[in-house]
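Written out below as structure tokens is the structure these notes cover.
Order as written gives the chain letters A, B, C and D; numbering starts at 1 within each chain.
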Amino acid sequence: MSKAKYRAKVIEKERLSGDIYSLLLNVGPEVSEAVPGQFIDLYSEDKSRMLPRPISICDVDKEKQQMRIVFRIAGAGTEEFSLKEPGDEIDIVGPLGNGYYMPEADGNECHVLLGGGIGIPPMLYLAKCLFESGIPKESIKTVLGFRDADTFLAGEFEKYSEVYITSDNGAVGIKGNVIDGIKEYGIKADKIYACGPTPMLRGIKAFTKENGISAQISLEERMACGIGACLACVCKSEEVDDHSKVNNKRICKDGPVFFAEEVVL
Amino acid sequence: MSKAKYRAKVIEKERLSGDIYSLLLNVGPEVSEAVPGQFIDLYSEDKSRMLPRPISICDVDKEKQQMRIVFRIAGAGTEEFSLKEPGDEIDIVGPLGNGYYMPEADGNECHVLLGGGIGIPPMLYLAKCLFESGIPKESIKTVLGFRDADTFLAGEFEKYSEVYITSDNGAVGIKGNVIDGIKEYGIKADKIYACGPTPMLRGIKAFTKENGISAQISLEERMACGIGACLACVCKSEEVDDHSKVNNKRICKDGPVFFAEEVVL
Amino acid sequence: MNTSVDIAGVVMKNPVTVASGTFGSGMEFTDFVDLSCLGAVTTKGVANVPWAGNPTPRIAETPSGMMNAIGLQNPGVDTFLKRDLPFLTKFDTRIIVNVCGRSAEDYVDVVERLADSPADLLEINVSCPNVKEGGIAFGQNPDALYDITKKVKNAAKQPIIMKLSPNVTDITEMARAAEAGGADALSLINTITGMKIDIYKRRFAVANKTGGVSGPAIRPIAVRMVYQVAKAVKLPIIGMGGIATAEDAIEFIMAGATAVSVGTANFRNPAVTAEIVKGIEDFMTAQGIEDISEIRGCVE
Amino acid sequence: MNTSVDIAGVVMKNPVTVASGTFGSGMEFTDFVDLSCLGAVTTKGVANVPWAGNPTPRIAETPSGMMNAIGLQNPGVDTFLKRDLPFLTKFDTRIIVNVCGRSAEDYVDVVERLADSPADLLEINVSCPNVKEGGIAFGQNPDALYDITKKVKNAAKQPIIMKLSPNVTDITEMARAAEAGGADALSLINTITGMKIDIYKRRFAVANKTGGVSGPAIRPIAVRMVYQVAKAVKLPIIGMGGIATAEDAIEFIMAGATAVSVGTANFRNPAVTAEIVKGIEDFMTAQGIEDISEIRGCVE
């Protein structure tokens, strides 16, 4: 009984672009365990909405017990959260799931973070943790893929990493996706960490396999329990999974971050 | 299409006693038609609660387009309203229903207002209107029935009427109900106006019939549409009703105020 | 843009009507909605003689819905013909008269009395869970449904819509029985039988003990049944059950409904029907849909 | 105060268990709830061999509820016996094992393999709407239900609970068939078949097209069915469907349930079961109820 649902207080709210919002939350001591790639479950106040909304951890301040999330308004739940103001509260559970496996600090390897669209937020906390683990900034490279000129968070990555931008319509950075970015910017990756839409992750899985690069990718699926009990959120695994005894892994519990070779996309 | 649901702004909130709250609302021009005994429908923000909550009009300021309501927390809907703060908004429709039939100002008749429990609020606007119609204060007598010493609104009636108190446990005023009040305080009533729980109204119907006094009573029933369309809120009528063609009247549309002899309680 | 739909030869200018019993005969809602903007008005069920309905409380709120046991109170077809129908003809909208009865003869009686009236379509309620006789008894047995459909169809001048009950194991079996009996269209779903208990008073929340559950809570069940029925029969379907927004209405149309009825949502917002009509047009514009029929049954 | 209840000779210290499939085998919830405070833990359905379940998306939210089409993914009875059951025996709670299968033989196979296990009760899921074979096919036909009940009962060492589907015309007919077949107890309701369409993508919200609706939305329907079944048979009933608070649990008990299961509400609050246990005690204290059996079926 080490976990519980608790009320987090909103400290700051910011609209980052069109429909993308950032909330800074005062959370509990649970935050001290948070690793990059994990998520929290947020609950709606509205009783007609029964299920939690999973949102990735974008940043953490363990000392202040604060957590930041960045999300896009995708429906009624995220809209409700976007209307919160400093002082308001939100029920949350978490951190949940397994985050990115953190490498040894090794100055010779190049760590490339790939974030696509609303998959960008969790990469920020990852960039920060890699940087704080002693990896030099030049060895951390972030490629951010946007739809158009409506970018967000890009500036914040510069504290921890070199930043490269792509956009679907070419309005900012290179025209194309994050893999086009790696190629065109001539980035040599030893380890890849990614979060974004499934087609992008599929591309990354193929690209890293071809090039023998280790890749961790963060998956998304509709969730109910968020803790591994209901089997709503499975993805296909290459091998029979030890828990399920079939080729299914639970994204909420076994993931959301997997090594690319573990899963079928 | 003269009516619509609209958002009213909360101007003032006051807790009158234990679980009884008063809200002053900025409403629309619709308020100019409001007569005592009418009600408004309030809508919950929570999508799981589909039905409006009917609440009587307690007071109206036509010039300022303000309306006051006083209610007891009876469940989730009224609890939600009790949490509103100045500046917050509530969706409402109304005024709805038929209020008290206003008498000619006639200094010789004694108008007795009987309010029991949460039936008290609508009597305040009635007392005010009777008083402002030119009836002298001595000819307007209000008997308020409370459960115990936890009284509310009593002082406000003194502007417009003579006030008498009863309570179920005798903690304030005469021990007993409002009819005991009339009898023990020796009030001679020519016209009676009442709102309160059904047993009280039943007693008033019997008492006024016996004594040949004209009585208007305000009834309550669970409502859905609030405008006379769904037939949820009927009461039994003595005669076949012209609209329903059976012995049923719609409380929301034909009432909530009826002459006691019209209805079967 | 064409939003008009055809139900058994009767053209509605848009697919939106109201669910019987939630809108009276339209009169009370004219304060909030211009009835002429609706595809049709569907009236409260009418019987051959006045019905008093059930004791109160007749309704209770439930999560994202409500329960009702009105018991089909109605003023009878005479008053309806003299008062309600003439009122409705003043508006530029189709009139669907919902018909109830305790026996096959009752239904036939009402249908015959409506023959020369301005009613465009007759919706036969064989699915009300709140009355002892008639109602749902016809709607839960395919043979009984076939029989009553045949009898009503023979007596009716207007096309008949059989209104199906969701309180069945297999809704397609009922739909096929109605089709075989000669129904011109189907409407579904009526309410689902439910119960609520006041645990502090240890009493039923509605006097009738059980009531029919309606509202958004039942929408997924209604959408499923409309989809199943649309695959099973060729008749046009009026879909309903928890429609509260234009999106909900479109969901039913995509599941296979030709028209839709809005019921319980009228209680949360008395102007909701007009907003839904407008919302459907906006959706069609945004999605480049020329004719509403393009999206009917479009999920596969 | 006595909150304990007896289901076919198995005493639960309080009437609260969890609804199969919403709680895994309890393991994941131990972070949030002390399993020893529950009357029983009911496990996810287990088959004779591992099942992969349905494609994703497997769930969708609905008004005051959700839809699921997990498709009974499970690791099979071998793993279950080796891993899940030994884990559960560490807690001071009863163990109800939910059993699924594609054929009568499958069910019998699982039940036999569980014979000497620490399972206290077996809940036979003949009402899952999300699998093509087995499941609901047994639960919508009284003769099929009678047969499977009889076969399972003959093979089982533990008392058997038949879990009924609400997707039927007359739930009492099914309850009587299960009783006649030898069921020791009944549980109801399983989910109600529903459908949701993403109108922008013109696709079904869950890959299986249909899913089972659960949560508060269906509570009034569940309460009604528990009430009807309690009047129709003598078996103890485990009631479920939308229970999210102690008040909801008491509503089912007053309708006639002996015990209650909490399902979807676990997703809104992972500690809700413990809160419901506590809330029932508080209610009993406030209302001067000495023994929970005093209020069982107390509405009339």
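As a convention for this text, a contact is a pair of C-beta atoms (placed from the backbone, for glycine too) under 8 Å apart; a residue touches a chain by one contact, two chains touch by 3 or more.
Model, not experiment: these values are computed from the prediction.
Touching subunit A and subunit D together: B, C.
In this assembly, A is the chain whose CA centroid lies farthest from the centroid of subunit B.
With centres taken as mean Cα positions, subunit D sits 47 Å from subunit B.
The mean-CA centres of subunit B and subunit C are about 36 angstrom from one another, to the nearest whole unit. Subunit B has its Cα centroid 56 Å from the Cα centroid of subunit A. Touching of two or more other chains is recorded for residues 47-49 of subunit B. Multi-chain contact residues of subunit C (touching two or more other chains) are listed as 63-65, 215-216. Viewed as a network of touching protein chains, the structure reduces to a complete graph with every chain in contact with every other. Taken in their complex, subunit B has these residues touching subunit D: 47-48.
By the touch criterion stated above, subunit D contacts subunit B in their complex at residues 63-64, 216. Residues of subunit C touching subunit B in their complex: 21-24, 27-34, 44, 50-53, 56-61, 63-66, 68, 70, 73, 75-76, 79, 215-216, 264-271. Those residues of subunit A that touch subunit D in the complex are listed here as 1-5, 43, 47-52, 93, 221-235, 243-248, 253. Across the complex, subunit C meets subunit D through its residues 62-65, 67, 140, 167-170, 192-197, 199, 202-204, 210-211, 213, 215-221, 223-224, 227, 242, 247, 250-251, 254-255, 283, 295, 298-299.
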